[in-house]
Amino acid sequence: MSNETTFEPRIVAFLCNWCTYAGADLAGTGRKQYQANVRIIKLPCTGGIDPLFLIKAFERGADGILVSGCHPGDCHYNSGNYHARRRWNVFKPLLEFCGINPDRIQFSWISAAEGGKWVETINSVIDAVRVLGPFEGYQKINAIGPEGPGEGFAPSSDTTGCECK
Amino acid sequence: MGKKVGVFVCHCGTNISATVDVEKVAEEAKKKYPGVSYATTYKYMCSDPGQKLLRDKIKEEGLTGVVVAACSPKMHERTFRNAAVKTGLNPYQVEVSNIREQCSWVHQDKAVGTEKSIDLVRMMTEKTRKDTSLDAIKVPVTKRALVIGGGIAGIQAALDIADGGNEVILVEKDASIGGHMAQLSETFPTLDCSQCILTPRMVEVAQHENIKLYTWSQVESVGGYIGNFDVKIRKKARAVDLDLCTGCSSCWQVCPSKKIKSEFDTELGNRTAIYIPFPQAIPSKPVIDKEHCLLYRDARKKNIPPEDSKVCRKCYDVCPIAPVKAIDYAQEDEIVEVKVGAIVVATGYKELPNNVYGEYGKGKYQDVITGLQFERLASASGPTEGEIRRPSDGKEPEIIVFIQCVGSRDPAKGCSYCSKTCCMYTAKHAMLYKHKVHHGHAFVFYIDIRCAGKNYEEFSLRAIEEEGATYLRGRVSRIYKKGEKLIVLGADTLTGSQVEIEADMVVLASAMKAQDDAEVVARTLSIQYDKDRFFSELHPKLRPVESSNAGIFLAGACQGPKDIPETVAQASGAAAKVMALLSSDELEREPVVAKVDRLPPPVFSTCIGCFYCQRVCPYGAIEQEDIKARDGSVIKTVARVNEGLCQGCGLCAATCRSKSVELAGFSDEQVYAEINSVEFN
Amino acid sequence: MKIGYYPGCAITKGATSEEYGTSVMKVSEVIGPKIEEIPDWSCCGASSAHATNHKLSTALSVRNLSLAEQHEYEEILAPCPMCSQRLIISQKDVQDDDVLKREVEDAIEMPCGTNVKVSNYLEIIKNYSMDEIKQKIKKTAKGLKVACYYGCLLVRPPKVLKFDDPEDPQSMDEIVRAIGAEPIDWEFKTNCCGGGFTLSRPDVVVKLTNDILEGAQEAGAHAIAVACPMCHANLDMRQKKIEKEYKRKYDIPIVYISELIGLALGLGAIGLGLDKHFVDTKSVVDAYT
Amino acid sequence: MIEALRKKAEELLKNKTVSVVFGYGEGSTPERTRPVFITKPEEVNKLTWNKYCVYNLTTYLKRQETRKLGKPAIVVKGCDARTLIVLMKESQIKREDVYILGVSCDGVGDPLAEKCKACDVHTPRIYDDLIGEKGENKELPFDERYAELDEYENLSEKEKWEFWQKQFEKCIKCYACSNICPLCFCDRCIVEKNQPQWIDPSAHARGNLSWNVTRAYHLAGRCINCEECQRVCPVDIPLNLLNKKLAKEAEKNFNYRPGYNIDDELAMSTYNEKDNQDFVR
């Protein structure tokens, strides 16, 4: 689990294809440096992000999550981000109610033109989670499983049920 | 049998390899990732030899899945997929791991970059292992185009498409086509008469056998998708039968309501209640303004059908058409339904009205006018027949002040952008003024002079050097009336002095704004718009005429302020795009569409038919399907995706509680695999 | 609700414009709202202080806000617009700048008064006393054409003050209408009177005030109403000099809006300070019947 | 009231308006009731109504066994009737396919059930027949209706986590909660999906948070807080607290109460351009 000396937060970012993913690309094109603690998963739209994805990311050892998409009114699919916002409006308080720190699950609107905002946002998410420390609570439950510690990568065939191929 | 995945790590010259140990990434992949049977690196994967390497190895190694770790998939995903197709591998078995934009370019430390790349490649490998082969969706194309807006942009687009041999439906909300360009006096930088160059094109539209023109009409709704749009057009009742009317002008000559402010003349002139907007109108047939017409007013007051009112029927009486007159008071709106394959949006702009600036009198001074009003004053067909005279008393202004950037570049008034045309038309105005009022003096207040365009700089210099307009760099802080004069207080920032000018007339170079109903239009068409409500192009540089909705193209000032040459160029560009689209019989679409599962009886589908998916779908792509027993009785009603309508956002999949809907290319298995393999070092 | 009264140096007892302060107090006794002078108030940091030392002027200003909060006032009336503007801007400055806030708190040895609302005189009348005026009015100035002159400080900078339309304010016009006089439409409502240059560049002041007087006269004004001691001084005190310089007769009484209200409520002209003006105000007093 | 209920049921069965009546019957002890499914007019005396009728009978609308019995008349309290509205909105039943026997109710349970403490649907908001007096449904203030949550919302983050972990640890994944829930009507629950297996279905703590959070989230903007899940939970997890928290957020953010007005758009299938986004950067 976490290294005793330095804790490096593990952030999973779920980005929409049209705005934030392109914004993160733009940060790259502009060679804007940021901390490397993030792994990006691209989906067509924030509206297509099921809360299960976020829970799964925590199960797989994420210390924090960022969900980011187009600004309201700019959704490539017109209303995807509005529906997403509705979801997070109930899902985030639910997680907080269960004792998950709000900084561990964050949301942003970052357009394809906002490379700078992407850098600022991801850095600040990483910093915030760094302050919180590792998500030990979740890691503890994970450790209880029959397959032993849930940390780390296991070949997918073990966890996705039978592979009837 | 498991999938055999090949991993190709690109150096991108040194763009990647400088901060990522590409060899190590490939090595790790080969050593540790399940399913990876081959891994290598190459200098430039996107180059011809790079693509050849990819093709060769797919064949040699019998790869059934490919991960290319390179630049953003937005750059070369298509390149690699196309390369794979040539080997017979399904293109959707090829994925790109973004280790340049989102890794090597943003992290300096090579160890860190390498570790992250290893993670990213692993995640994409896991996803690839769950990739399924997908086939592009083929949809037929309706070979007809719709052009919305009959200004110069719409006219140009319609003519180009029609000349290409396609049917065009041109919809214009006003009584005549022509738009703003018809209102202009002379055009920069050549000073040729706007109407002289425009009206022949308008006539061409009217006479073109491939163009069907609907004026006094609006697009009510747009359904469907690229190649197959279903459009409803509302033909507003104009109280005149266009088929019968010959445009003989008898009716508007006898109309007793003569003092109605003419919209075409920017309220500087008058028109009648039954009217054509301007003499060269197309169609040259009138419309009744029901707001002001005595008969309709009477009918509204008495709450009776207009045809029963007896107040004034002069236009009807005078109409020479027999036996059925062309005037039809009882005419009602009509909805026309058409199918088109492509749409060009050319809805134009709106000029910022002159009542926005309190410091310029908020519109209370008659002699403070907008640029467009000046155009009407300077136009030979305008209310003063081209003489520059003050609206208040008809006197010739001897001192005239032009103020640039009124609204534009002023975030306080809601337009942070530059309207682009004003520097040029103000220079033109100053010239036209000097041509007409030789002894007069023109002052121009400006922030910057932006005249970038062919012969533009020379044109603006002419206004200064040859025509003697006094250009003052600074803003006007205040206009107030003193007797018959307008006192203009401003700053000359080049000399650092205050300027006070006793002017006879002031012309505001008002900003070009998006149309008031731009949002409504955008929603009707499901296209995006920007913060200023101008419609968004798909890519600011490389896809400037495509909207965010496939098959819908943009032309002219509805996409952002533009002058005539630029508008015409964009319109022709949009027309070319439309023709390319209409030239094929079938279209291929990315098969990234949702699908509701189907299973053998007795389950049929895990869908329980709550239809949340149907409610959230932005495209109406979810339909209800009855699953029936042999006897025809309904066993259950479940959701089904219309692939033609689905745009692949995945809203339905995320909304479905039982995960009975999945998005191809981002299936549950694929996303799960990706998340599940997140491992940090 | 208690409203703290902050007179400032210009209109406090014995100062050059004390008639403004006196009339504000007297009017408030009749139509409310109840106002109480903030104990131990100090300079608002206007004029020299804010031109030379931002921190000092902010601290001076905020000290008064803090005092007001200590005495549990939720709102402050500062009739002099120079004061109200300084108080509001300083409040915003400390709200926006934590470092400055700490420095100011060190200097004044009190927590910054960031919550108390600061209002100018027109705001107070509009928010609390319009109905009272209509009920308690004894005389009306029917036919008296009044040019409402707001000057620059009441409405600017609009982003911070957020009071009325900065180009065409109406609040004073409404009050004038309420007392039965006729506010005229004219061009110079928010023009500069040259306030800041009153001592250093009287030539500029004379030109600017002449524009205002000329504008009022041409629009047919019988009097100019003001709500600022600086405007009053420039228009009233300099009127003779302007007349001489521009060879034009004005003779336009310059009256405080509070004096106009006072007269309508039947208060004595002398008690309201109308005898202290340079230009004779008799024509205004006589217009009330 | 019982007489009126039986008479109505008899009439409906006799004239074949319905083929079955879902109602409450006497239980094994006086403090218990149990569901009864009456198909013959002569059996209507089995029907009863008293303060022990806590169950929400609408759950039988989703079950194959009871569906087979034909068109039902169903006895519902005001709260249960809200479920019917949700089920109709979600296309699970058609209005004409169910006969609603609303009963006016002053609260059930002994001691009084938590759900009854801030009840504002004493009279059902939808019914074909109302048994009992039509009472006034005075809407109670928002805070009062969600007062039960205050204690838990005020816990510190750490206390919250520990509290819920202690609760979830107990979960044996018996799925009684979703079985009893009238709104958990999927043919295949997400937890049953094994390709991929998003939620670990086995009875150990791993995956318990995922299961319980997902179960609650899937009821967001839908649950009418009948508390049946909590009642049937064999290990006493206060499941309805989660449901109620979501109901509170949905009402606060979207001004929406499920099953309250049949014309309201389902909260989680719509949006408002002005929805709260204070939490978004």
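For reference, chains read A, B, C and D in written order, and residue numbers begin at 1 within each chain.
Methods note: a residue touches a chain if its C-beta (ideal position, glycine included) is under 8 Å from a C-beta of that chain, and two chains touch if they have at least 3 such contacts.
These numbers come from a predicted model, not from an experiment.
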Innermost chain, taking as reference the mean of every protein Cα atom displayed: B
Taking each chain's C-alpha mean as its centre, the one farthest from chain C: D
Between B-C and A-D, the pair joined by more C-beta contacts: A-D
Geometric centre distance via CA averages, chain D-chain A, whole Å: 33
Separation of chain C from chain D, taking each centre as the mean of its C-alpha atoms, in whole Å: 65
Interchain centroid distance [CA atoms averaged], chain B/chain C, Å: 51
Distance from chain D to chain B - Cα centre to Cα centre, in angstrom: 48
Numbers and ranges of chain A residues touching at least 2 other chains: 56, 73, 79, 83, 87, 159-160
Where chain C touches two or more other chains at once, by residue number: none
Shared interface positions of chain D, touching two or more other chains: 190, 195-196, 198, 268, 270
Chain pairs that touch, as defined at the top of this document: A-B, A-D, B-C, B-D
Residue ranges of chain B in contact with chain A within the complex: 1-2, 34, 72-74, 98, 100-103, 105-109, 112-113, 115-116, 119-120, 122-123, 126, 129-130, 523, 526, 528-529, 536, 548, 592, 616, 618-619, 647-651, 653-655, 659, 663, 666, 669, 671-680
Contact footprint of chain B on chain C as seen in their complex: 165-168, 187-188, 191, 215, 218
Contact footprint of chain B on chain A as seen in their complex: 8, 10, 12, 22, 24-25, 27-29, 31-34, 36-37, 39-45, 47-50, 53, 56-57, 60-62, 73-80, 83-84, 87, 119, 152-157, 159-160, 163, 165
In the complex, chain D residues that touch chain A: 152-153, 155, 157-165, 190, 194-200, 202, 204-210, 213-214, 216-217, 220-221, 242, 245-246, 249-250, 253-254, 267-268, 270-273, 275-277, 279-281
Touching residues (chain side chain B, partner chain D) in the complex: 603, 606-612, 615-616, 637, 655, 657-660, 668-669, 672-673, 676
